[in-house]
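Two complexes come next, and they have one chain in common, subunit A, joined by subunit B in the first and subunit C in the second.
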Partner chain A sequence: MGINFQNVDFKYAKKASKKQLDNINLSIDAQNEFIFIVGHTGSGKSTLVQHMNALLFPTSGKIKIFDLNVVRKKKTPLKPIRKHVGLVFQFPEYQVFETTVLDDIMFGPKNFGQTKEQARSQALEAAKLIGISDDLLERSPFTLSGGQMRKVAIAGILAVNPDILILDEPTVGLDPKTKDELMQLLVDIQQKTNKTIIMISHDMNIVSAFAKRILVMHQGKLVFDGHKDDLFASHELLDLYNLDLPTSASLAIQLKKAGLINYDKLPLTKEELLELILKEGSYE
Partner chain B sequence: MFVKLENINFKYANNEDLILNDLSFELPKGCMLAILGPNGSGKSTIAKLIMGLLKPTSGHIYIGDEELTEKSVNHLRKKLSIIFQNPDNQFVGVTVKDDIAFGLENLKVERSKMQEAVNQYAQMVDMSEYLDANPENLSGGQKQRVAIAGALAMQTDLIIFDEATSMLDPKGTKEIIEMIKTLKNSHQKTIITITHNLEEALFADKVMVLNQGKIVLEGTPREVLKEKTILEASGLKLIDGLFLIDRINNSALEESQKKVLTDKLWELTFKM
Partner chain C sequence: MNDNIVFGQYIYKNSFIHKLDPRIKLFVLLILMIGTFLVPADNFILLSIALMIPLIAVIFSKISIFKYLKSLKQIVFVIFLSFIFQLFGNEGGKVYNIPINFSYANLILAVLLIVIFFLFRKYLPFKMLIFIGLVVLIIYLLRFPLIGDPFKETSIHIYEKGLIHGTFLIERILIIILASTTLTLTTKPTDLTNALEWYLAPLEKIKIKTSIFAMMISIALRFIPTLFNETNKILKAQASRGVDFNEGKFIEQIKQIVSLLVPMFVISIKRAEDLADAMEARCYVPGEKRTKLVKMKCKVTDYLVMLFILTLFILLILIRCGVIYAL
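After this line comes the complex of A and B, so read on.
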């Protein structure tokens, strides 16, 4: 078991009436999961993932990360937990600070007690995984494009070699091509390393294309934990939690209404919709 | 012509590459231009040049009938406002009310008329309920709307949206896109929107694609957004509806089927 939440509540202040997390029960495998967390701004997505690497602690309930209990006690060492679960924040490029790309990526492993040589070798491996070419390594990260800087920041977390990698909206603000490249890289990393990847995203086109399992947060509660097909097939759920359909799914619904296609299972991506259109031709 | 750029070259330092390379375009008053391009294509540099925050290495910029020069910049800037990418970086007031009033104070509007004006502009962006709210409690979309109210309060003719939706969630993005449509249709503002969200370009009068500092494509949204090869070479891609049209047109379906399907997809894409 990688991550386990049992009846987890979280409030910022003890006396606050509003719970940021409300009775969360959740299990995430240590390997081979690709999970998306969706939900409106303020629904508790970021608060949830901050509990997964001990940045926040539950007000009540239990969290276990790789059999380590996450409790707020002065003497509880947090590094072992954070060694297992790496968290990449939103706009991580703002946190890049070293003078060279390589030094920036090495900062994480050094911070976890690796020797300079070990840190260097892990940083080089992480850079290779995320597609940072050798000629960038000695450059100042501040001369790179936004997309490249973001890769450097992600490499810094990968270099610690966590079992589970969490990314908070990694594609926001990137142009469409860079967005696709980054997503493909993350898929490749998942397949090569068998790491579990957890991602927060608002972009339903990305979620529908890449998710296996989806978690929906709504007002601090985990209201859906299941396969993407079951979520997107349910108008009630989408309406209830105010979630958008992927663009191609909306197009499919309109084409069906117009009598131009027919389907039993709603296509979610443009590729699925195209296949359907070409297979059936226009529906008579 | 309200905005005119003539043979603009720009680089930060003498020994560096050109960020903008012989760029010219014109935008009539009341029209909306969408500038598309990948990260680093020079899109935001155009905004900074028009705002007079940067000076072209060579070439001329005209706002209204006047050339933008060191002498005219302060007076011309009063005709322009800009909404930036990060909603947190442009909130100057302690409350929504203060933030909208900031522009009015700069225009030396009388105190007695200030309240009325604040109410009027807050209403235009649908933020009347939040006049006393602390910006920390607002969503990104709401903050951007307050920034738009501030711009409206300044009564500028040109509003530039510099990736104003790229940090927002889908709800915030929709709010701002609706706002831009209203400004264009009901307030007859001249608008430049700089974005890599192709959906934001669908309702522009004119679309321009920038890559490595050069205009590689320009025309109406219908002309530009179907140019698969050039868009892809510029770090962009066809939006789903136009992707499907492209593939259907290149498929083995019968011509009559192709037509029905692609007509419907065009209609849906421009309606969504």
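After this line comes the complex of A and C, so read on.
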């Protein structure tokens, strides 16, 4: 078992009336999951993933991560938990600080007690996985472009070789091409390594294309946990939690209204929509 | 999260104190500070009159008394320490003897009390006050030899003068902290810098651009919470990369602090650049004459407050110089 939440509540202050997390029950496997967390701003997505990394601690309830209890006690070592679950923050390029790219990627593994050689080989492997070319490795990270810097930052977490990788909006602020490239890389990494990847995203096009499982957060509560088809098929759910449809799906709905295509199952990706349109075309 | 930082935290209330001109408030604070130190030593009546001023302001400000207590909480230890120094550093007047008997039972009881305190410390409000009370209680308990004969008998001498000096000092500190907390709780930082700018305006005559400094101060104040949040974010990001600021050898710890400092510098410089661009886009030219959005204007109440404070201050100076022998 990877991550297990049992009746988890969280408040920022003891007396605060608002719960940031409200009775969360959740379990996530250590392998082969591709989970997206969606929800409005302030719905508790970031708070949730910070619990998975032992950066915040539940006010009540139990969290187990690889059979390690997440509790705020002075003697509880948190590093083993963080070794299992790697968290990439929003705009991770700000955490970069070393003089060369390679050194920065090596920083994580070294902190988790690897020798220099081990750290180096893990860093090189991570750089290769995320597609950082060799000529960049000796450059100063501050001379790189935004997209490259983000890759360096993600590589810094990958190099630790966590079992579960969590990314908080990894594609925000990137241009469309880099966005697609980064998403494709992450999918490849997931398939190659079988790691569980958890991702927060607002971009429904990405969510619908890659998610195997979707978690919807709303006002601190986990209101949906299931397959993407179930979520996007239900207009009530989407309306209730202010979620958009992916572009292809809303286009398909318009086309159906106009009587141009017909379908039983809502197409969620560009490819599915294209297939439908082509099928429609072949009738004539 | 940052509820404990009361100093420099403005709380909006519709009160007479809030509406006072910031220049007047700054002036009153200054006069009050000078005044408390001009009060002749151990003249409690005069100092109590001085204490009345911030107390009245606290009551009129409509802000919960707990906010003020919180700001006092942070310096309870300092107050206590300076009281102790005054208490034992002065000789003269009546002597009070506090007998102290060291017996085993007494010592065990004392240690037990302290251990209990530290065990339950987490659940207690006003930790520092309770701790100070505990120390006093232990000293008091040491009076009585409980079980067995004391192996050492001694006593603490406290002189009347020390007691008076100590209390006097506490009152002085109280006045200054209360007054400055009232100022920061009831005045927006921007208003404060505007007031400061007004007081420094004469320096413009000798070609010192005070408006630039005022702008710098208000920008610095405005960015404290922002940078605080950014620091928190970076701390967390590095923590998930295995940084633990509490462990490792000294060299490693330095390295880990660097992992916080470099990103903070990068972020600050980036923010400064963005801000400079945004300011220039709004046609800000350093040192150029600017019109004010809010013009500071003294009302009748402002003049009355100033008159009141000045009268008290002049009376104090006259007493100090020996012109008036009252009190």
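One rule holds for everything that comes next: the second predicted complex is superposed on the first by the 281 of 284 C-alpha atoms of A that agree within 3 Å, B and C clash if a C-alpha of one lies under 4 Å from a C-alpha of the other, contacts with A are read in each partner's own complex, and residues count from 1 in each chain.
Assume a residue touches a chain if its C-beta (ideal position, glycine included) is under 8 Å from a C-beta of that chain, and two chains touch if they have at least 3 such contacts.
Every value quoted in this text rests on a predicted model; they were computed, and no experiment measured them.
A.B. asks: Once the structures are superposed on A, label A:L87 by its partner contacts, choosing first (subunit B), second (subunit C), both or neither.
C.D. replies: So A:L87 only meets subunit C here.
A.B. asks: If you stack the two complexes on chain A, which partner ends up touching A:S248: first (subunit B), second (subunit C), both, or neither?
C.D. replies: first
A.B. asks: Residues of subunit A touched by subunit B versus by subunit C: which partner has the larger set?
C.D. replies: B
A.B. asks: Contacts for A:D180 in the overlay, against subunit B (first) and subunit C (second): which applies, first, second, both or neither?
C.D. replies: first
A.B. asks: In the overlaid three-chain picture, which partner chain does A:V160 touch, first (subunit B) or second (subunit C), both, or neither?
C.D. replies: Second partner only.
A.B. asks: Touch test for A:L260: subunit B only (first), subunit C only (second), both, or neither?
C.D. replies: The answer is first: A:L260 touches subunit B but not subunit C.
A.B. asks: Given the touch rule stated above, what does A:I277 touch, subunit B (first), subunit C (second), both, or neither?
C.D. replies: The first partner, subunit B, only.
A.B. asks: Which residues of subunit C touch subunit A in their complex?
C.D. replies: Against subunit A, subunit C makes touches at 1, 3, 230, 233-234, 236-244, 258-259, 261-263, 266-267.
A.B. asks: Per the contact definition, I'd like the list of subunit A residues that touch subunit B in the complex.
C.D. replies: Against subunit B, the touching part of subunit A is residues 40-42, 91, 145-147, 172-178, 180, 202-205, 242, 244, 247-248, 250-251, 254-255, 258, 260, 270, 273-274, 277-278, 281-282.
A.B. asks: Spell out the residues on subunit A that touch subunit C in their complex, using ranges where they run on.
C.D. replies: 12-13, 50, 53, 55, 78-79, 82-83, 86-87, 89, 92, 94-97, 107-108, 110-112, 142, 156-157, 160
A.B. asks: Once bound in the complex, which stretches of subunit B touch subunit A?
C.D. replies: Its residues touching subunit A are 37-40, 85, 139-140, 163, 166-167, 169-172, 196, 198, 232, 235-237, 239-241, 243-244, 247-248, 251-254, 257, 260-261, 264-265, 268, 272.
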